[in-house]
Amino acid sequence: MTARGRLWLFLVGAAAFAMVFVTACFSLPPFGSVHHPYGERAVRAALSHHTANVIASVNFDLRALDTLGEETILFAAVLGTVVLLRQTADEQRTRPEPAVVRPRVRWFALAMLPFAMLIGLYVIAHGQISPGGGFQGGVVTATALHLLYLAADYRALERVRPVPLYEIGDAAGEAAYVVTGLGALLAGSAFLANVLPLGTFATLSSGGTVILLNAAVGIEVTSGIVVLLARFLDQAVEIGHADDGNDHGNDGKERV
Amino acid sequence: MRADDGWLAVALVPLLALVPVLWRVSRGAPEDRLIAQNLSSLLGGLALLPAAQGFGRPAYVDVALVLSVLGPTGTLIYARFLGVLPGSRLVRRTALLGVPAIVLPLCVAAGPGRAMAKLLLIGALLIAGSVVTGAGGGRGRKAAADGGRTA
Amino acid sequence: MTVLPYLIAGWIFLIGVYGLVTSRNLIHAVGCLAVAQSSTYVLLLAVGYRRGGTAPVFSDAPTDSRVVDPVVQALALTDIVVGATVTALLLALVVQLRKRHGTVDPDALSELKG
Amino acid sequence: MTDVLIVVALLLVAGAATAAVLNRDPVRQALVLSFLGLALALLFTFLQAPDVALSQLAVGSAVTPLMILLTVRKVRRRPGDSTDKGRER
């Protein structure tokens, strides 16, 4: 199909979509309306399970099976990326030259590293009380690790970041989620049911299995993102095609 | 939870300032785009802090906390790939004037305690991030190949 | 104001798809897909908003306060992180395509296939 | 007042989304995408969804741009017919 034909097809489709969508919008309850039957039930259920953060409760308790599905998509996406970006037979690794980093940037990145790490862990750990949780905190923690790449270069990051360990962590996080669910079965309840003592409302130990599932997701997301970025960094910085010749001399080098 | 319109009006100021910043991010010269991206995360933090107070929810401050760490990180990532870290007086001035102007009244409103410590930490992180990413020092080494082409 | 957020969500979706259709670079196309994806978050949260409500997080609010809908927030929150890993998968596909066919232009790719 | 904040944030999001699509160079698009992420995070906070805002910030400010930039570097590394896309603009 030509680019022109495709654009026309899009315009016709977009016009039809816009018409239907706008009609639907005017039939929806107006923005900010007070009637939220599901929301109210979710809030009641979360409070009865002593979980202060209702969103964490929906994710890891009321709809825990759904989150298992989401987590599996994440796992599969990471796995797919690892397979796609593996080093093939006709590729070779080159050692990039050390990067030139301004001292100011280096010190800043090194000083921020522990802060960012702590903030990430804080966001994971407080998931059942305040805004946050395994998904968000996991990404922050994984990003924090890459401040080391900004402070020095990829080789420095490689030295302190054993990728196989994070690959195991990714799988272990997924497995821990399923095992927690099966534990509920052993305890004589349904898969992923909240069987642990619920604890005191709005404390770190409240929410029963929410804490465990939250931690499992935190581990999986942290490891998953680290592995993803490791594969991309490998490809962009180290791995080159065997025919590239002296191309690396310039391009493997890092700047700033 | 009654929203406090005064604080929300304060949050509106950095929010409106983001409109010209968006223009620069999408239409400016290459270095201006990076400066605008840097400025946007600073202004975002400055909008989030009074908004948290205005909504009467100190827990919302966590969003600003995460932004104060990841914002400069994002800017440094771009700087490394583009091969430039342009200095910007605008970013430094906005940080040095704007952050105390918003954080100190918020501290007074919060009163001594954990909330205040958190606000001061966020303020310090915002200033540190902006000073480091906005101080310039000219071009590092002008990127030779891919970085230079994209910049 | 009663429908503005919904309409904006529709606009973001359409502009994202427009970018996908007219893109000449697969990396740009992946970015456009991320834009189109963000329209769903805007739509979901707009549907769940309740005027005068606060976040359904009761660490610093009384448990009887009026809150917005937590269900849509839970949906959006997991999807944002999962969406990022799917973006990574698509970018990995782009890298592979570049290795195999030497181009990231979708039109050139379909010519290769014949 | 909350409504005013929401409307301004909505318009910012719509503008950033449009700009992200119209910037055809991936690196420029990545810069606009991180702005879009920030605008979305602000909008979500004003819609009383700090959890979602955190999620958006965590992903949008560093991880997605880093992946896009790394892909661009990888794709432009080998000399070839379409590597010069960026040069033609």
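In order of appearance the chains are A, B, C and D, and numbering begins at 1 in each one.
Please note the rule applied: a contact is a pair of C-beta atoms (placed from the backbone, for glycine too) under 8 Å apart; a residue touches a chain by one contact, two chains touch by 3 or more.
Labels paired with UniProt names: A = MnhB subunit of Na+/H+ antiporter superfamily-like protein; B = Putative membrane protein.
No experiment lies behind these values; they were computed from the predicted model shown.
Each of A-D and B-D has its own count of C-beta contacts, and the greater count is at B-D.
As a whole-number value, the distance joining the C-alpha centres of chain A and chain C reads 15 Å.
For the pair chain B (Putative membrane protein) and chain C, the distance between C-alpha centroids works out to 24 Å.
Within chain C, contacts with two or more other chains are made by residues 1, 4-5, 18, 46, 48-49, 54-55, 57, 59-60, 66-68, 73, 77, 80-81, 84, 88, 91, 95. The set of chain A residues that touch two or more partner chains comprises 53, 55, 123, 130-133, 135-136, 139-140, 143, 146, 225, 228, 232, 235, 241, 251.
Of all residues in chain D, those that touch two or more other chains are 20, 22, 25, 30, 48, 50-51, 53-55, 58-59, 62-63, 66-67, 71-74, 77-78. If you draw each protein chain as a dot and join the dots that touch, every dot ends up joined to every other dot. Contact residues of chain A toward chain B (Putative membrane protein) in the complex are 99-100, 102, 104-105, 108-109, 112, 115-116, 119, 123, 130-132, 136, 140, 143-144, 146-147, 150, 250-251, 254-256. Per the touch definition, chain B (Putative membrane protein) reaches chain D in the complex via residues 3, 5, 8-9, 11-12, 15-16, 18-19, 21-22, 25-27, 33-34, 36-37, 40-41, 44, 47-48, 51, 54-55, 57, 59-60, 62-63, 66-67, 70-71, 73-74, 77-78, 81-82, 146, 149-151.
Partner chain A is touched in their complex by these residues of chain B (Putative membrane protein): 59-60, 62-63, 65-66, 69-70, 72-73, 76-77, 79-80, 83-85, 125, 128-129, 132, 135, 137, 140-141, 143-147.
Chain C makes touch with chain D in their complex at residues 1, 4-5, 8, 11-12, 15-16, 18-19, 23-25, 27-28, 30-32, 34-35, 38-39, 41-42, 45-46, 48-49, 53-55, 57, 67-68, 73, 76-77, 80-81, 83-84, 87-88, 91, 94-95, 98, 102-105, 108.
Chain D contributes residues 50-51, 53-55, 58-59, 62-63, 66-67, 70-71, 73-74, 77-79 to its touches with chain A in the complex.
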